[in-house]
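So, here's a batch of structures to check.
Two complexes, one shared chain (chain A), two partners (chain B, chain C).
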Partner chain A sequence: MGKLFEWSRFFENIPKILPYLTVTFSIVFYATFFGVLLAVFIVLIQIKKVRVLYQISKVYISFMRGTPMLVQLMLIYYGLPAIIDPLLGTSINRDWSAVVFAYVTFILNQGAFLSVIFYSAVTSIPYGQTEAGLSVGLTHYQTFIRIILPQMIRVALPPFGSDLVGLFQGSSLVFLIGVTDIMGRAKTIGSATKHVLEAYVFDVIIYIIISLAVRLLFWYLNKRLDYTNGRKTGGKEGIPWIST
Partner chain B sequence: MDFNINNFLESFIYGMKYFPNTLRLVFIPLSVGLVLGTVAALIRVYKVPVLCKILAIVITVYQGVPIIVALMIYNLIFMMKYNDLAAFLHLKGTIADVDQIWIGIFALSLTAICSVSEAIRGALLSIDKGQDEAGYSVGLTKIQTIYRIVLPQMIPVAIPMLTNHVVGLIKASSVVMAIGIIEIVAGATIPSSRTYSFFEGYVAAALIYWIFTVMIEYLAKILRKHTGRFRRNLYD
Partner chain C sequence: MKRKKYVVAVSMLTILSVAALAGCGKKEAASESKVKKIVVGTGNSYEPYCYLDDKGNLAGYEYEVLKAVDDLLPQYEFEYKTSDFANVLISLDAGKIDLAAHQYEWNKERDEKYLFGKEPYTTYVTYITVAENHPDIKSLDDLQGKKVKSSAGSNTSYILETYNKDHKDNPIKIEYVNNSTDEETITGLLNGVWDATVMTKRDADKLNKNYGKTALKVTGDPVQTSSTYFVFSKKDTELQGAVDGALKQLKKDGKLKQLSIDVIGGDYTESE
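On to the complex of A and B.
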């Protein structure tokens, strides 16, 4: 069997794994981009209290928050073909690559999680702000864009950052449905060479770097957007992202 | 679409049969996390020299590791090295005698320690410094102040965050099926491999998790009301 961990094998693995980082990033990109759109749609439903849709959105969010990512991934992977195939007469299990199912799952999941963040951010702005905007003659739309949105982004930013960290970590599950991301690649290296530990350790380092980078980015954004001049600070801890 | 209700029910029963495994995977790490996480949070808040810096770095870095990757690594190391360790400690038995669930519990415990300590640290920081000073001024020692004044006030503040972490832990416990431990998800899909009804199996698993987490959130709400009853203004 030889030694469990060898640096030469570790460095050999780096160029083999690194290209598959694009898969991880594409999942995160699609999930965030379409997730934000879905979340805005859900928040609109909740604020306008659209009948029926409002109740559906409640149940949907509760489901997405209450079940594991892994189960959601499997539900989409087995459920989407079971629902769509008989209707359209396709066989998407064979036609679509596995990563498409991962995209769909993460978009649906992020839509729910982001909608909660956005909803609490919108409702954290006092209604007096809207009234003030309307009283100086702005339209509803202008009030939202110029008064509410800038304040809302500031509130939503920290939870959005930790959600993004969680999303990167969650994307490591997709190898279970056969997507070759950096974890899936580590597994295939493992089955080809019988030495998988080095590949896993490299993956861990990648994930740690990503997580620290995202935290740092959001800490920086948070500081830049602090246009209240420190009058209104959330807590006295100051820097929650890199907490030393 | 064809949704076979009998297969679904069979999966549901199988999933419930392995529900105790999930309970072990959630509550043992949670207890470990509550104890060690609180200790870690106290060390960081009261700035114990050296230790607080080390803990800050370790916890921040470890939070960047996805649970499934950590699990794979622990599983691998355990598989390779257990027999040597057992020989070294003169333990009887080989790897086949050890329940693999302990690897899952170990990995989830480390995650729980990190997340719980962050939640408790946040809650501790929200308690005013004047409370400590008030404790010292009436002659309590540091330990007594923490135990009698700070911790009781910290608990209702920490509960919402802790609930999120418990729900996160419940959800995270599902990934241990990747190393072959049978819990709700793996259990619910045992009949599926015979009947090819994987969709029904996963729906059953999702339903069990959903009910479980909704129940935990409801219990947490009651607990928070109860522990915070001495506070003059509840936050909600």
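On to the complex of A and C.
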């Protein structure tokens, strides 16, 4: 086995691992895109207190937040087909590849987490804002879109950003159901070549770059969406990766 | 009014997107003819049996043997699905795969749940394996109270668990480590994370060779002398018969032996 770490092997691994970034990104993309839609749907249910659905959404969120991601992944991968196939006469058990089950799991999980972020953002806007909007003759819908939404996005943005960073890391679990992402590729390189450390180190670098990029993006967005034009917080907090 | 429209739009979009996602996986099912598709489940980190090569494709002895079997069976077409070792048999339970291949030894517990092939395709003789400089350990009895590395769902775990049932006063401490790399195994044994593990002689040789010098040694009598078989779900007797027939032929014309020599580095098809 020789030396534990060698730069030559590190560089050899780069072209082997990089293509699998698309797997990681596609999971994050699907999870975020459909997760946002699901979260908006859940928040609507909660604000309107739609009967039955409201109670279901509460249990659902509590389940998604209270159980390990790995368990959810296994439940969806093995359990979902067992429920859906006999019910609808489909055969997703065979037809869906493992990565589709990974998408579904992460969408459901993100939907729950994001709904909590959105819900708290909406409720953080004082009701006086809505009253003000209504009093000048805006409809409920207009009030929401023009008054509440812009303020709520600002509130939701920072937790949304850290959730996204966590999502990137969480996606590494999919290897256990047979989806090869960058983490899984590192592992398989390890078993094929007997040298796993270089691959792990490269993965670490990728994750750090991604997390810095996401934070930078949200720092920038946060600054752009600062409607106080620097009067309150001034947007001079500096780049947040040092402090947080 | 507008609000209602908004709610309807969002729900429609959600339903549509779920439907779109459902469509994702359905592409392959279209080309179904007389050839029956068989999904083979195997592992992704047990070199040289099943692992991913440089380009990330499945490689190894299991794959080569199954490819040769597939060539002999025109009525079937094999498709491969890799996952973590512990998940292969669960996938067979869940009906995600039709055939499990991961150097499976026969044991009673497994036999109650699954259908075993009748034709072995590799011998599997396992020994207690310890670090070179380790104090004398010769048998399972010497391992009482000691930490032994094993993996969940393996035959070794089954043997150790069975042993512990009869030795409740001072059981072997089984440490379930799944998906470990060879580096982890060697390092863990050398620095005493585990006192021993159980593996075949050829796996121990492979580890030593890759490590560069002798680090591990097999010790004592074999813990278990068995062979490995393909594993099917109980109802698939037809598939099992066909695969067994193909294996028999591969043995007869010496092809299996050749594969074993080429891929594993020795003939492990009949005896060691």
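As a convention for this text, the second predicted complex is superposed on the first by the 225 of 244 C-alpha atoms of A that agree within 3 Å, B and C clash if a C-alpha of one lies under 4 Å from a C-alpha of the other, contacts with A are read in each partner's own complex, and residues count from 1 in each chain.
Here is the rule we use: a contact is a pair of C-beta atoms (placed from the backbone, for glycine too) under 8 Å apart; a residue touches a chain by one contact, two chains touch by 3 or more.
Nothing here was measured: the structure is a model prediction, and the numbers come from that model.
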Under the stated touch criterion, which partner chain does A:Phe11 make contact with: chain B (first), chain C (second), both, or neither? neither
With both complexes superposed on chain A, which partner does A:Phe29 reach: first (chain B), second (chain C), both or neither? neither
Using the superposition on chain A described above, determine whether A:Tyr103 touches chain B (first), chain C (second), both, or neither. second
So, does A:Leu197 touch the first partner chain B, the second partner chain C, both, or neither? both
Under the stated touch criterion, which partner chain does A:Val165 make contact with: chain B (first), chain C (second), both, or neither? first
State whether A:Leu176 touches chain B only (first), chain C only (second), both chains, or neither. both
Does chain B (first) or chain C (second) touch A:Arg185, or do both, or does neither? second
Of the two partner chains, chain B (first) and chain C (second), which one does A:Ala82 touch, if any: first, second, both, or neither? both
In the overlay, answer first, second, both or neither for which of chain B and chain C A:Leu38 touches. second
Can you list the residues of chain A that meet both chain B and chain C? 1, 4, 78, 82, 176, 196-197
Within their complex, state which residues of chain B touch chain A. 1-3, 53, 56-57, 59-61, 63-70, 72-73, 76-77, 80-81, 118, 121-122, 125-126, 167, 170-175, 177-178, 185, 198-199, 202-203, 205-206, 209-210, 212-214
Of all residues in chain C, those that touch chain A in their complex: 2-3, 6-7, 10-11, 13-14, 17-18, 21-22, 24-26, 28-29, 39, 44-47, 51-56, 59, 81-84, 87, 90, 94-96, 179, 181-184, 186, 210-212
Where on chain A is chain B touching in the complex? 1, 4, 62-63, 65-72, 74-75, 78-79, 82-83, 86-87, 165, 168-170, 172-173, 176, 183, 196-197, 200-201, 203-204, 207-212, 215, 235-237, 240, 242-244
Given the complex with chain C, which residues does chain A contribute to the contact? 1-2, 4, 16, 19-20, 30, 34, 37-38, 40-41, 44, 78, 81-82, 91-98, 100, 103-104, 107, 139-141, 175-178, 180, 184-185, 187-192, 194-197
